[in-house]
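See below for the structure under consideration.
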Amino acid sequence: MRNAVVTDAAAAIAGLRDGHTVMVGGFGGAGMPPAIVRAVADLGVRNLTLVSNNAGASGDDLSLWFRQGLVRKIICSYPRNAKDFGAQYRAGAVELELVPQGTLVERIRAGGAGIGGFLSPVGVGTLFAAGKQSISVGGRDYLLELPLRADFAFVKGREADTLGNVTYNKAARNHCAVMATAADTVAVEVDRIVEPGALDPESIVTPCIFVDRVFVGVTA
Amino acid sequence: MNPLGRKALARLVGSQLPRDSFVNLGIGAPTQIADFVPPAAGVILHSENGLLNMGPAPLPGHEDWDLISASKSPVTLAPGGAFFDSSLAFAMMRGGHIDVAVLGAFQVSQRGDLANWSTGLDDGEPPGIGGAIDLAVGARSIWVMMDHVARDGAARVVAECTLPLTATRVVKRIFTSLAVIEVTAEGLEVSALLDGIGLDQLQACTGAPLRTAARVGSIAADGGLHWP
Amino acid sequence: MRNAVVTDAAAAIAGLRDGHTVMVGGFGGAGMPPAIVRAVADLGVRNLTLVSNNAGASGDDLSLWFRQGLVRKIICSYPRNAKDFGAQYRAGAVELELVPQGTLVERIRAGGAGIGGFLSPVGVGTLFAAGKQSISVGGRDYLLELPLRADFAFVKGREADTLGNVTYNKAARNHCAVMATAADTVAVEVDRIVEPGALDPESIVTPCIFVDRVFVGVTA
Amino acid sequence: MNPLGRKALARLVGSQLPRDSFVNLGIGAPTQIADFVPPAAGVILHSENGLLNMGPAPLPGHEDWDLISASKSPVTLAPGGAFFDSSLAFAMMRGGHIDVAVLGAFQVSQRGDLANWSTGLDDGEPPGIGGAIDLAVGARSIWVMMDHVARDGAARVVAECTLPLTATRVVKRIFTSLAVIEVTAEGLEVSALLDGIGLDQLQACTGAPLRTAARVGSIAADGGLHWP
């Protein structure tokens, strides 16, 4: 029987290499997988392209990646109030692709759902239209937005079963659920792993078909 | 005569939200409106990070950092609330399911153009857009809440925005520290004025022509709105 | 406080008029709201455009609408094994827009999510490409598919609370969840109505912001 | 010597599914494969109407008509199964998350073009496409399962499909009542033959050139596959 369980965060990120594109779930701290974020920092890969809603606040989060210079480019909606990213950004050491949050999540969903692009009403008539194809449908203008995929997606769940089915906790579901559909390898840090059948099949948010690795994050 | 403070302005906006409506309160000043929505109004608050029917802040010591608002502050969930992922949260916004979104702004034009995102051009910080742009495009009614003028006295209600736009022709109503202004097809229309302020005074610190509505309410210092 | 509860199916469909576009949930019988389907037949509105995955098998389902000639056009993925629709179709009395099922559900999702259209890899090089704009992205061809919306969406849920939050039963969730996002008026037939707070907030599939009317379908 | 029947063909396909793979069995003949997948293989079945880890049919009297397969027959959910809506079901398909989809077909071309939908042109019924087209485009590997020839003896493995296509260049492997054929960049390659049939005989009832793989398996009358 399928077994998605791995021992720890180091095993969950195995195969991550310089130059990879990585999605990290979370809105603020909710949904960010802390043990994975530390493991990536420990691994010290470089030239990552990071897809994330935020850029780390301070301390034990994505700030670590910027402090250590692991990230070449970030695709992000709100990288403000992020001291370490800000320093790297001002120094010209990291590239920023600023994406409206709803467009960011929809681009990731498109990447996971095999959609080649979508027409968004968001950004028309603003700086966010720069470089994008404009398509008019039914007399309204839209921007053609393209899908996002990653080599790895790292998200935080509440419970997983050994097959890899995942639930989330409250508002920590946020970007995690779509990111878990849009990467070649999906690793989920959870609080608890249970046997198949222990999760309510009506309440599973990320079915195991999307998930490659699950492990229990040890909380300090 | 003094402009409304943040609290009084939040009270003013909160009193005007339609009964049983679905409302998103933008980050920053609009967040405080939640404290002034009458419980009997039945307003249901949406948060872009995946909450519907958001409740008030928890008691000290009961914070749950997986249960936060779009401002990343701990909140609670009211009975009948729901959790969902960001793609559904933004489908609600972009799909026209939010009745009213109240947003902060730097500038609003007479046509309802909105400039409210942090470009970083002023403070040297990285820019940030977040989800305000999705709300601005998608909510059925966009209300803006802001001081009537900038700190340097410059008008924020203007003929043409000079700052980078968030969205064009979206703002329906502007709540400022001095007045309530409707954005109509015929231009800006003052529907309420702070007690002690005349239309001339308001026009003097506004960058676009104003006219008065058929009926103009008066706004008390505490944000209470009274009709003639 | 918001109260989405109405008395019965007749109240749930109030406002439905000749010429309206109507979405009806269900894959086969699972997810189809039987009391609503009967109430529409009783009302006898005509010239409906029906959006549904199937066209009714036989007996007490969408067959009724075809038998009574209520439908002018159906947008559907699999209208076979549907005796009454088949008779109308062969007589040239009803127009059929045949849409691949995944495209059908994604077009409905786009309608509910404010997406102006999307690029689908499905149908390229087939008869389903006829009349559609072809757009190439990254060297791959896609068809531009346009959103679907309706005046009414009628779906079957398991439980609802009085605010209008809805859960579904097993595989009856199918097209119901997206249809409930994409209509001006959404009515949900359920087995049971509970007070706000009685449903697990992690398990609500259709939050009340999408739902206008809920009622308990009386099962014969 | 007799072509494989439905059951034997289902057994043959079922024995070849990769261990722990995610598989969608199309409606019609492929549905029967579920009965022949060895439990130890850990195969997880997907159904387009919103099920993952579909189990066998329920015992008589235990049917739940809200728990059906894509064929609209009552099924069960295996431990660790999940329910979801159609948009996620098709995201799984179109997004490349299904390892193998096994589909019925009317015709398959030497390039892997697939014709398997009911156009209604033959039977006067309305056409129906369903979800097979999404599977055909999206699944990582498309296997076809069909009789080697049509009832009138016409070839179904052809140089060019004459029926309306479902998708172009998608089929990877064809399981017929006489052989297993791989669709390669260099054309069709026979990787297994029914016991008692020669390549010449197979070629005679096939509409496109065949060559043999380096190793050719033999298929027993019960669908068992044996390697030399």
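Per-chain residue numbering starts at 1, and chain names A, B, C and D are given in the order in which the chains are listed.
Here, a residue touches a chain if its C-beta (ideal position, glycine included) is under 8 Å from a C-beta of that chain, and two chains touch if they have at least 3 such contacts.
Model, not experiment: these values are computed from the prediction.
Comparing the chain pairs A-B and B-C, the larger number of C-beta pairs in contact belongs to A-B. Distance between chain B and chain D, defined via averaged C-alpha coordinates, is recorded as 56 Å. Averaging C-alpha coordinates per chain places the centre of chain A 30 Å away from that of chain B. For the pair chain A and chain D, the distance between C-alpha centroids works out to 35 Å. In chain A, the residues that touch at least two other chains are 106, 109, 113-115, 120-121, 168, 170, 201-202.
Each of the following residues of chain B touches two or more other chains: 77, 83-84, 87, 90, 93-94, 137-138. Taken as a graph of touching chains, this assembly has some other topology, since it is neither a line, a ring, a star nor fully connected. Chain pairs recorded as touching, per the definition above, are A-B, A-C, A-D, B-C, C-D.
Interface of chain D with chain A (complex): residues 20, 22, 42, 44, 46, 52-53, 77-84, 87-88, 90-98, 137-138. Remark: chain D residues 47-51, 64-68, 70, 72, 77, 83-87, 89-90, 93-94, 118, 120, 124-131, 133-134, 137-138, 164-168 touch chain C in the complex. Residues of chain C that touch chain B in their complex: 1-2, 109, 111-115, 161-163, 165, 181-182, 195-197, 199, 201-202, 204, 207-210. Those residues of chain C lying in contact with chain D across their complex are 27-31, 53, 55, 77-80, 82, 85-86, 89-90, 96, 98-103, 105-106, 109, 120-128, 168-178, 205. On the side of chain C, the complex with chain A involves touching residues 106, 110, 113-121, 135, 137-138, 140, 142, 144, 146, 167-168, 170, 200-203.
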